[in-house]
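See the structures that follow.
The same chain A turns up in both complexes below, where it pairs with chain B and then with chain C.
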Partner chain A sequence: MKTFWLLVRAGFRRHSTYRLALLAGMTTNSVFGFIRASILLAALASAGTAIGGYDAPTTIAFVWWGQALLGTVNLWGFAEVKDRVRTGDIAVDFLRPVNPQMAYLAGDLGRAGINLVGRGLPALLLGALLFDMAWPPSAVSWASGAVSVLLAVVVAFAGNFVINLLAFWLVEIRGITLLWMITGGLLCGLYLPVPWFPDWLRTIANWSPFPSMLQNPIDILAGRVVGVDIVSAVGVQVFWAASLLVLGQVVLRAGRRRLEVQGG
Partner chain B sequence: MAEVTLSQRLRPYRVLLASRARAQMQYRASFVTDILGTVGVGLAEFAEVWVIFHNVDVLGGLDFTAALLVFALSNLAFSLADMFVGHLDQLPRYIRAGQVDAFYVRPLPLLAQLMTSDLSLRRVGRLSVALVALTVALTTADITWSAETVALIVLSVVSGTAIFSALFTAAGGLQFFLVDGAEFTNAFTYGGSYAAQQSQQVFPDPLRIFWTFVVPTAFVAYIPAVAILDIEDPLAPTWLAWLTPLAALLAWGIAAACWRLGTRHYQGAGG
Partner chain C sequence: MSIIETRDLVRDFKKTRAVDRMTFSVEPGEAVGYIGANGAGKSTTIKMLTGILKPTSGHVRTCGLDPMRQRVEVARRVGVVFGQRSQLWWDLPLRDSFAILGAIHRMDEPSTRARTDVLVEQLEMGPQLGTAVRSLSLGQRMRAEIAAALLHSPELLVLDEPTIGLDVLSKQRLREFLVAERREQGTTLLLTTHDMGDIERLCDRVLVVDHGRLAFDGTLTGLAGTVGAQRILVIDLAQPTPDLADVPGATLVESESDGLRQRLSFDAEATTVAAVLAHVSSRHEVRDLTIEEPDIEDVVRRIYAASGRG
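Now for the complex of A and B:
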């Protein structure tokens, strides 16, 4: 456990080195926030009332929490593990006394932490200053929202980790990564809230792990999901986090048996 | 000294581009996957428009057909620009690896070399999504066709591509200063493309002014579309659509300045 915590801190420090990159990310997230807020507010004005349970302040909260969490949750994936599988460096990870999945998870949690503090929250505050935004309605929402964000980071990591491991069997996983990114981007509730989807698309989204990566924490923090519903929103995330982590372990073990590294 | 004709002068670029294109076709499966990927990106972008219109009938003064036309024009221009110069995005990586110096010692202009360093044929996927959207929009919309309409469409696609290319080039020039902060420029390249896809009426005035006069992406799709469909918008009169080449020219002026500043600033990787 102590090792895990040390790795989290190392990940935090590693990514906090690039301050200019954090500022750049925050700027870009904010520009997209402005554009998306304008579009969704125009849609609300056109509909007259709330759409799918979102009124103007909660829609603004949806937009800015989304932009704030975009850098925190690793939606677009990572290539580090895939590259290490391809070069054979993954063998070194296997030799270490920590489980590779846990080690990479720790690093990713650290990355998420610095991105939330250095990039996400400033963007959120900017949005809150310039728009009329709904804050989490109660202390319960704040607390469960924080847990939900943490789970979202884990779900996104665990899913991407499995995708990365496919490199054990496939020469090039770029196509699969791209497919994951495109479906994920659409279904996680980054562009538009999942409740705005037509029925069939919403059903597909709700059966996938993607809303657990963004929509669920946003729903709690924007105050669209309150009371007992919070339990089920977080419960779904726990289910996906656990199943994807277990799947990752299974695939990792299978890959380890398949791995052949040359040289000495 | 013998007269050098234009065709002779352009020959190295033709050869370079042809070789880039051939290289991409070598790995057939990978190439097909990449194309399918960019088709997916185009479809996902379209899904965003479509889902909104699933909830409302009019967005920012445009109905679905009009919004589809704006979407199509901006995506067409963006994917063309992305195909030709989108790989200027890679510049920070070249700078960090010290590979830019290698370009400097070759007997062709730096920008021309970087532009021809790749021809991202995989972007035809997104391009084809845009073309289908454009065809559907133009056939279903209520348009009084004339030679002017056709000229306007061609003009806006050409100018739109020029505007996005200018944004990529300006971003490239700024990379010489930013390096680690490469993502800054995404705000107006990819952000600009996102803004260009929208009815400009959704924006509050300061943002609208920004996307018209500072980063002129309003000229890419919305202003021409309003003119083609003859939609009433007091802030975008029909004649404004004929000024898109002017907007492209201004954008290129700024891009050239950024590029010049950046390349002058560059001191080399040493060694």
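Now for the complex of A and C:
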């Protein structure tokens, strides 16, 4: 556990060395937040009423929490593990007395931490200053929202880790990564809230792990999901986090058996 | 108990057999050089010893453990440096890599610090501790890699081409450190290299691998003797001298410039440089001398030729 915590801290520090990237990310998130908020408010105004449980302040919360969590949750995936499989550096990971998946998860939690603090929360504050935004309605919402964000980071990591490991079998996984990004970006509720989807698409989304990466924490933090519903929202996330982590272990084990480290 | 033990170890890659019925064992405290041409199967063997690669068949034990099934336990007791891969955290100060590795090996902070201090002092890396790993020179990074591999005081240190690309001075410092470290800690060493200097200064036993097979197992002098690769003494004389044909234990190879420079080959087990030199200088005035060591590639080539391959 101490090892895990130290690896989290290392991930935090690693990513905090790139301050300019954090600033650039924050700026981009804010600009896009502004645009998205304007568009969704216009959609609400033309509808004349709340859509799918979203009134104006909840919609604003949806947008700005989304922008804040965009860099925190690794929605777009990472290439580090894939690259290490390809170059054979993954061998070094197997020379350590730790489980590689846990080591990378710890590093990703650290990365999420610095991105939340250095990039997400400043964007959120900016949004809150510019718009009338709904805040979590209770201490329970704040606390379960925090847990839900943590789980969202884990689900996104665990899913991407599995995708990365496909590099053991495929020479190039760019196509799969792209497919994951496009599907995930839509189904996680980044562009539009999942409750606004047509029925068929909402059904697909709800059977996928993607809403667990963004929609669920946002719903809790925006106060759209309260009371007992919080339990089921977080429960679904726990299910996906556990399933994808287990799947990752299975694939990692198979990959290790298959490993033919390149370069002699 | 042997620290490394392999019996009929085989590893196939698609159509080629990288390691072919390899059988050898290494006892605690030994320093073994593992040499052979590129693609001879050196790295493949190391990967099977450390649990990275699954053997196709055969038996392998490292520290008495099955590396594939007991990877974590093996990792706790073995330190490995792959010369061309890094185990350090690229964008963090060097100091942080040691702290993280200490935690990974479940060392408490005081002992991590103490061990880091010792290694950093011996490897003269104090000034680099605050530098990001990506900014280190190759020589500095390689010393850091070795310190990282030794942090948890492993019983077995495996170095895969640790001096590749290093300048003479960096190589020298690294070798001196390894000699001292082994003297103090009694660490077993398995080393692959293309550099004869590494073998000569660090190893008391040599394994030569050829096409995945063990072609030689013995001492370095024995190796040179087996293939007739002898050391050459180059003597520069003050005056043109007739051929030095009568030196005991040495044979004249070549005489240049009317005998101003003469090259004598000698068998290190039969005589010494000092004896040859004493014999020559009692009769002629010697201006300068150099010793040419057998070249590792040459030795390997001869071994291969002797075993009917190459």
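Quick note on the criterion: the second predicted complex is superposed on the first by the 261 of 264 C-alpha atoms of A that agree within 3 Å, B and C clash if a C-alpha of one lies under 4 Å from a C-alpha of the other, contacts with A are read in each partner's own complex, and residues count from 1 in each chain.
The working rule: contacts are C-beta pairs under 8 Å (C-beta built on N, C-alpha and C of every residue); 3 or more make two chains touch, one makes a residue touch a chain.
Because the structure is a prediction, the values reported are computed rather than measured.
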Contacts of A:Phe239 with chain B and chain C, given as first, second, both or neither: neither
Touched partner set for A:Gly175, first chain B, second chain C, both or neither: first
Touched partner set for A:Ala24, first chain B, second chain C, both or neither: first
Which of chain B and chain C A:Thr3 touches, first, second, both or neither: second
Contacts of A:Trp76 with chain B and chain C, given as first, second, both or neither: neither
Chain C versus chain B, contacts on chain A by residue: B
Partner chain in contact with A:Pro198 - chain B first, chain C second, else both or neither: first
Chain A residues contacted in one complex by chain B, in the other by chain C: 18
Complex contact set, residues of chain B against chain A: 30, 33-34, 36-37, 40-41, 43-44, 47-48, 51-52, 54-60, 178, 180-184, 186-188, 190-191, 194-195, 198-199, 201-204, 207
Residue ranges of chain A in contact with chain C within the complex: 2-3, 6-7, 10, 13-14, 17-18, 88-89, 91-92, 94-98, 103, 256-257, 259-261, 263-264
Residue ranges of chain C in contact with chain A within the complex: 13, 38-39, 42-44, 47, 50-54, 71-73, 75-76, 78, 80, 82, 84-87, 89, 91-92, 96, 99-100, 103-106, 132
Chain A residues within the chain B interface of the complex: 18, 20-21, 23-25, 27-28, 30-32, 34-35, 38-39, 41-43, 46-47, 51-52, 172, 174-175, 178-179, 182, 185-186, 191-192, 196-198, 201
